[in-house]
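After this come two complexes, each holding chain A, first together with chain B and then together with chain C.
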Partner chain A sequence: MGHNGQIQLGESTAVVIIIVIMLVLGIVFWNKVSNSGIMSIQSQSQELSVIETANTVPEMPELKCYESKVDQVKCLDWYKILAMSNATNDTNSKAFEYYNYYFKNSKITVMKIYPEEGNVTIYDAKLNNNKRTLRIPIPVNIRDYVTDRTYYGLILVEGYYNG
Partner chain B sequence: MKNATNRRTFGRGGIVDVQFNWIFILIAGFVIFLFIISVVFSQKRNAEVKEDISTINQITTLLKSKQQIANVYSEMTIPNTNMNFKCDADTRYFSYKISNSERVTLPNEIIFGPQDISARKIQIWSQAFDTGFPVSVFTYITTQNSVIIIYNTSGCPYAKQLYDSLPDNITKKITSDLSMYGSNKNKKIVCFNGYGCPPANVDYINIAPAGGLFGYGNVTFHRKGNINTVKPYLMGAGLYGAIFSDTAEYYGCQMSRALDQFELKRSLVAKRLEMMRKDLEPSDCSLDFEVILNEEIIPMSNPSFNFDSIALLYDKADDLYDRNVDLTLSSCPKIY
Partner chain C sequence: MHPKDKRRGQIEMFGLAFIIVLISIGFFIFVSFKSQQKPVSPQKEFTNNKLANDFVLSMLDVNIAECPEFSVKDLIIDCARDSRLNCGGSINSCEIVNRSIYIMLNKTFMVRNMAFRMYSEHLYASGRELVNITYLNCTAYSVQGQSGMAIISLYPAPGNVYLNMNLCYQ
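Coming up: the complex of A and B.
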């Protein structure tokens, strides 16, 4: 092979290498863009999951008052709250496993505000508190059928998620 | 002529040089071509996986939402894929998949229907499973080309009762003439014990109510060749479960899962009543709660899926409805 031939071969090799490098760079860039899209979808879906949990809690027969009606303020039964809190306290229990499917990575606290104050955590996934959380408060009535009193309160749903 | 000119221009070394360049370009081009093709194929695969995931998410969301509200009929259009439901009787693990996608678990959903579905439109119906307190909402799945045939030869009162209770959108017939449905592979024939059933060479479900049609009883899954499997049923929700299920095993597996959920809900009711009983001043109400706990709630614990256990559950559930009425009349808090 002559000197000219060697130069031509070198040029061809360089062109091919440059094309391959450009292809690889293009793929890396495209991957990064699509990954950032996936991360944003993931974060959005985690937020939606917390909102879904917040909507589910006051509608659960295990928690709501037996006389609650659609057109009234959402009402929770105080003794059902205590019973569920008791059942889900142990994260290895069947009850925790069952409700984990609905409540996922969240912490759900029922707060009595007026006329008396008091908090009961009905479910806690007990994840790292440093993770970002979305907090959704929902106003509810809390009915105590033993004292026949109704309290004004809140359900506070906090969703733990990576961010 | 042209080659001769080239040969004259390049000489022997030049010809080798040009040929080598062409071979090099061919090989490099082929490698780049393969690379691009592999990228295209991986993208195609990814798009298919994404489509499957999106479909599965849609179906899962819909199936979950059906479990929230009882007594609702709806239809769902899905891509033309095969759906497969699987319930493992030993692990009580319930999952489904579409086409070749990964299985998706549905740990809390109780779904009765054919194990394999290949249709663009599926019909979904739901019923509350209540045993004195709400346990779950059962979901029933069928397709438009399936038909439920209620076999009625001798004016059986249950036949009309069952026919009327099924939603009108589901294909249902009440007849004693099976000849026109012979070729339909998606037919489910239901008959009643003591009122005549189809010949032994036909698959059917024989219902033997013991506590009213929608109370409790036995269901016999009769298969050709006189293979009979008897399973109990509890409440209307359980009876529909047997009717919509393909096999006795699948029905039994879903009912066992339902009884697991029953036990969990029963323990919540027991805890609530126990706490209320302690907090109530000594009164008729606290005494009533103690009686209910000892005579109904505790004896209902850890039921098995057999006839005796189901009969006991039905009796206790019936008592709980009456107790709830009595508690309301005595101005006491209700059980649930």
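Coming up: the complex of A and C.
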């Protein structure tokens, strides 16, 4: 084996090095893409869970105005809101246990905005040590049947999640 | 094989390998850029959709602070027709509508730093459209996000008033 053999050996080594580099790049890249994909699926599923809660709250008969129809603006009865807040205030109560099945790790607040202001928390899982909070505000009408007034307000659904 | 042909064959192989390496690097770069593009968050899309749509519809039924016997819709109709109602002394319906809408917008969108543009059509006061509120430079030429619209009939007078709410992407 002379000079030619040395050149061939150099070529083979170069080819092997290039293949190894490409393999390493491919593995690193694949790892990154699959990790970000898993994270994105996880975060999307958490977001969808909060959306589901946000869609459920204004449709609950426990909160809805009695004359609400499907095509109308979301309307909540102020006195039903107060009653639900009282019922779920105690986290050991049966009512809290019942709503925990629907609302899970979330906090739901009804905010009266105009013409008067006031907040009522109707459910709170009280998971303060979680890092991530997803917030969804939904505009609603809040009806007070005693004074016969309609207020503008928001339902604020906050979902607590790790990560 | 002639040594000259062998040398040429080697150069061709290197050329081919070089092209393959270039294509692979290009592919890596393309897929990396693609994977970095964040998909639209379902939560953000849902929230913006709800806020834009439900805001214009739900504020119409709200009773006004200055004259609780009337709703925003009643005062819009009055403002569009002949502006005869006076609430809280000398303030006319057009002024009160504008003020009430601004308060609700402030406490819904401005506190959340959301760029929006709310405007009316066919609701004139002092020769110009009554409602034309923009926040964070959201104009008709900005990148438009979700939108909502309410149509208010002026019956028995002819015509409709349109209230439009557009969110902008910043």
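Simple rule for what comes next: the second predicted complex is superposed on the first by the 121 of 163 C-alpha atoms of A that agree within 3 Å, B and C clash if a C-alpha of one lies under 4 Å from a C-alpha of the other, contacts with A are read in each partner's own complex, and residues count from 1 in each chain.
We adopt the following convention: a residue touches a chain if its C-beta (ideal position, glycine included) is under 8 Å from a C-beta of that chain, and two chains touch if they have at least 3 such contacts.
Everything quoted here is computed from the prediction, not taken from an experiment.
K.L.:
Determine, under the contact definition given at the top, whether A:Q44 touches first (chain B), second (chain C), both, or neither.
P.N.:
After superposing on A, A:Q44 lies in contact with chain C but is clear of chain B.
K.L.:
Which partner does A:V16 contact after superposing on A: first (chain B), second (chain C), both, neither?
P.N.:
first
K.L.:
Quick one: is A:N119 in contact with chain B, with chain C, with both, or with neither? Answer first, second, both or neither.
P.N.:
A:N119 sits against neither chain B nor chain C.
K.L.:
Is A:L134 touching anything from chain B or chain C once the two structures are fitted on A? First, second, both or neither.
P.N.:
Once the two structures are laid over each other on A, A:L134 reaches chain C alone.
K.L.:
What is the contact status of A:V33 with respect to chain B (first) and chain C (second): first, second, both, or neither?
P.N.:
Once the two structures are laid over each other on A, A:V33 reaches chain C alone.
K.L.:
May I ask you to decide whether A:E59 touches chain B, chain C, both, or neither, giving the answer as first, second, both or neither?
P.N.:
first
K.L.:
First (chain B), second (chain C), both or neither: which does A:T91 touch?
P.N.:
neither
K.L.:
So chain A touches chain B in one structure and chain C in the other; where do those two contact lists coincide?
P.N.:
none
K.L.:
Help me check something: in the complex, which residues belonging to chain A touch chain B?
P.N.:
1-2, 4-5, 8-9, 12-13, 16, 19-20, 23, 27, 56, 59, 61-62, 66, 77, 79-80, 82-84, 86-87, 94-95, 97-98, 101-102, 145-146
K.L.:
Would you tell me which residues of chain A are touching chain C in their complex?
P.N.:
So the residues of chain A in touch with chain C come to 11, 15, 18, 22, 25, 29, 32-33, 36, 40, 44, 47-48, 50-51, 54, 73-74, 113-115, 134-141, 149-152, 154.
K.L.:
Under the definition above, what is the set of chain C residues touching chain A in their complex?
P.N.:
Residues of chain C touching chain A: 10, 17, 21, 24, 28, 31-32, 35, 39, 41-43, 46-47, 50-51, 54-55, 57-65, 68, 71, 100, 103-104, 107-108, 112.
K.L.:
Over in the complex, which chain B residues touch chain A? Could you list them?
P.N.:
For this pair, the touching residues of chain B are 13-14, 16-17, 20-21, 24-25, 28, 32, 35, 39, 68, 107-108, 133-134, 260-261, 264-265, 267-269, 271-272, 275-276, 279-280, 333-334, 336.
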